[in-house]
Amino acid sequence: MEVALIVGGGPGISASCARLFAKGGMRVGVAARDPDKPVLQELEKAHGVRRYACDAGEPAEIARLFESVARELGTPRLVVHNIDGRVPGIFRKKITEADPAMALETLRNSAFSAFLVGQEAARRMLQNEAGPDGAKGTILFTNASAALKGFPASGAFAMACQAKAGLAQSMARELWPQGIHVANVPIDAAIGWTQEDGTRAHRLAGTAVDDNMADPDRIAETYLHLHRQHRSTWTFEVVLRPWVEKW
Amino acid sequence: MEVALIVGGGPGISASCARLFAKGGMRVGVAARDPDKPVLQELEKAHGVRRYACDAGEPAEIARLFESVARELGTPRLVVHNIDGRVPGIFRKKITEADPAMALETLRNSAFSAFLVGQEAARRMLQNEAGPDGAKGTILFTNASAALKGFPASGAFAMACQAKAGLAQSMARELWPQGIHVANVPIDAAIGWTQEDGTRAHRLAGTAVDDNMADPDRIAETYLHLHRQHRSTWTFEVVLRPWVEKW
Amino acid sequence: MEVALIVGGGPGISASCARLFAKGGMRVGVAARDPDKPVLQELEKAHGVRRYACDAGEPAEIARLFESVARELGTPRLVVHNIDGRVPGIFRKKITEADPAMALETLRNSAFSAFLVGQEAARRMLQNEAGPDGAKGTILFTNASAALKGFPASGAFAMACQAKAGLAQSMARELWPQGIHVANVPIDAAIGWTQEDGTRAHRLAGTAVDDNMADPDRIAETYLHLHRQHRSTWTFEVVLRPWVEKW
Amino acid sequence: MEVALIVGGGPGISASCARLFAKGGMRVGVAARDPDKPVLQELEKAHGVRRYACDAGEPAEIARLFESVARELGTPRLVVHNIDGRVPGIFRKKITEADPAMALETLRNSAFSAFLVGQEAARRMLQNEAGPDGAKGTILFTNASAALKGFPASGAFAMACQAKAGLAQSMARELWPQGIHVANVPIDAAIGWTQEDGTRAHRLAGTAVDDNMADPDRIAETYLHLHRQHRSTWTFEVVLRPWVEKW
């Protein structure tokens, strides 16, 4: 049974991935600062998803996380880093007004945690037996449109997203030839989804609730496609955006 | 029943797409300069694929092709432009030595035929009823690594590939909001595959016959994934390359 | 005395380059379909600029042009390809409405003429003695923002611009190590300039006449800077855009 | 008299910029962790360059630096961030072996210090009177080829360089319309230069001492050209690489 680990525990992409991977026959773990939030408890109940407490910006906590997952679920063949990392106070701040401590914290939450997760995932996956298609594992980094383009009044976030993209590129060039598929997935969209009671949830208040927002269930499908790609035809970067998005 | 049209009729990506799309329940047409080559006859026998004769660089022939396909199979919801277009004599020629007439012919075969196919596909798909997910169709352009990077001694091919990429980008920004998914798929690899007798075929003589070459059956899977993506999460560009490729 | 050849003879970038290069001590030739237009006659009178008639999309005419320039001015060390090439009827046309013959003509005018000019320039410059800094010459391609991004309703122009960019890239990788500096210069702006009578001329009617448009005299300064760069620190691409441009 | 501030005090780009700017009539300050190193003392003696002690990754030190410069030299119209920032122990380390603390330190030294310098420069320049060409100042970020491409075994450096590039992009889109020219300058080369005693200095031991390395005096010329560009034709990114470099 394949093991998947998702670092970041929101109700959008993380939850959709957890559900899809579990339905696809994987044993799934999700790590979050607060592993007791309702969405994660539901995932446990409905899909047997294992919950882990972890501050992904702390080296020791990431080490402990992978240790626990290995012991309890097995070594992951699929790891998703799905952390946005923006400190709220940095959002839409002009360069002259952005708080330096918040900028550094955003870098730590996002890019540095990606470094830690990617490093530990690589260490462990390299020990995996090669699968039938020769691959040892897949590491996916969720990213944002700021990875593609630094927008005004978001210097700290542009730093963090492009740092993560640079890490992913370097890791891909290093690890692909060792059998690990690393990919960067910028989501150029607001994310929205239908809740169990039929109402629509979405990250950005005030946005129209239609398919002009990325549906995390569909994002998860592309993540799974990336994991299933044969190593003769791997993809490094997939940008996902809704049909009506300007770019 | 969905209709797929593949323009370009080689034994690699075109044949793999034709097989996969047919197995997936589509009615499939393939257009080639010589529709009687063995690989296409086999596709007809084994999968009911319809063969069409067409010089894709001729406006009148492209118009006639789409007319015939519409009449005999129905309006396509999936069109793949899979033509490399290089005039052999232009291959690996220095800029000082490349024959201008061959350079222009390469542009016509590749980029201009992509324009004609994309134009006619768009005209017809816009008349389609929207599907359950709101989309009217998918247009995919196979491309090469020269679309990403102009290599030395291949100026004419770099022109053709980047022209095609530019066309695809423009069409995507124009047609996505009208429900047509346009994508560019650079294959950064030699392409190789196993033949029915178990031996290995590949485009570049002298290349090792392993999964360091892109397997066209796997390429076709990503093409189908692109076609199946929900319009809330479309992808414009997917680069496919083998795990051991330098980039 | 250095020789500069500018292919394309409009009153904007070409005229500004001709003036600046002549003032900088070069012998300057300008080639245009109609070499008798007033702006070119003025350049001749004021700066001794030599005028040449040439359809840059015709191989034989380009060969003849370089032959004449070599005989009358000397072998150029600086060649600028400054042709937009858009057939007017293709401007802002949807993909479904663009005339294929005009699309092909745009490709020929723009990208194919760049190929011809670049090829002939390379052939001749390779015969140059290396200058004090080791370089044999500079070939500059003016380009447009469509080289960077394919906009909607301009598929043919996106093809042409990205084709030209691809050509430039390939030529740069091939010719830099042979001592020829090839560069691509996308101008992401409308172009406007002050005329001798103090009024303002600009390419796009209805645009405000201020420094929100690129001043061709300033563009010429960057062209000269590229030509003067030492070969230890060459630049391949310079995008020029006004301070207020959105990108 | 214009004021220029260079943050980072090595004998390569920083020293060349200081000399060129001083010769061009500017009052120049250089900030470094150790302002007493010989190269900076020489710059003071020969060109009146003012030396400042500063750890550029510390918010309070950057604030103090700009305060001192404003008081002693005047508000800068040109600021260069020229810090590589790599902790030596992280150099060429595989992702599985790179020390997380060093990775974070590299991010802090490079990208975060760029944030602090850029922020403080922006705050002060926005108070400048617009110059004759309407501009209030120029902020230049030296970068490396890792800003363009994440190489294997250098994940931490790729993070830092692309973070800095993302910051620069965001700042450019935000500050250009306010009259501040922000640019990113990746140097895709080893850097080498001739010393006063005629011998050749260069950063990478064992590299041939020829113009296959970027000459910092020539780099400084392009920096000055960027500063002198008119705001109708600004450039965001200039990559500098030697004629023989592979890219």
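Read from first to last, the chains carry the letters A, B, C and D; within each, the first residue is number 1.
Going forward, a contact is a pair of C-beta atoms (placed from the backbone, for glycine too) under 8 Å apart; a residue touches a chain by one contact, two chains touch by 3 or more.
The model shown is predicted, which means the values in this text are computed figures rather than measured ones.
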Handout entry: Other chains in touch with both subunit A and subunit D
Key = none
Practice task
Tell me, please, which chain's centre (mean of its C-alpha atoms) is farthest from the centre of subunit D?
Solution key: B
Fill in the blank from the handout: Rounded to the nearest Å, the gap between Cα centres of subunit C and subunit D is 32
Completion exercise
Rounded to the nearest Å, the gap separating the Cα centres of subunit A and subunit C is 45
Exercise for the section: Could you list the positions in subunit B whose residues touch two or more of the other chains? Expected result: 173
Practice task
So, with touch as defined above, which chain pairs make the list?
Solution key: A-B, A-D, B-C, C-D
Completion exercise
subunit B contacts subunit A in the complex at 134-135, 173, 176-177, 179, 181, 187, 189, 211-215, 218-219, 221-222, 225, 229-245, 247
Completion exercise
In their shared complex, subunit B is touched by residues of subunit C numbered 59, 94-96, 98, 100-101, 103-104, 107-108, 111-112, 115-116, 118-119, 122-123, 126, 146-147, 149-175
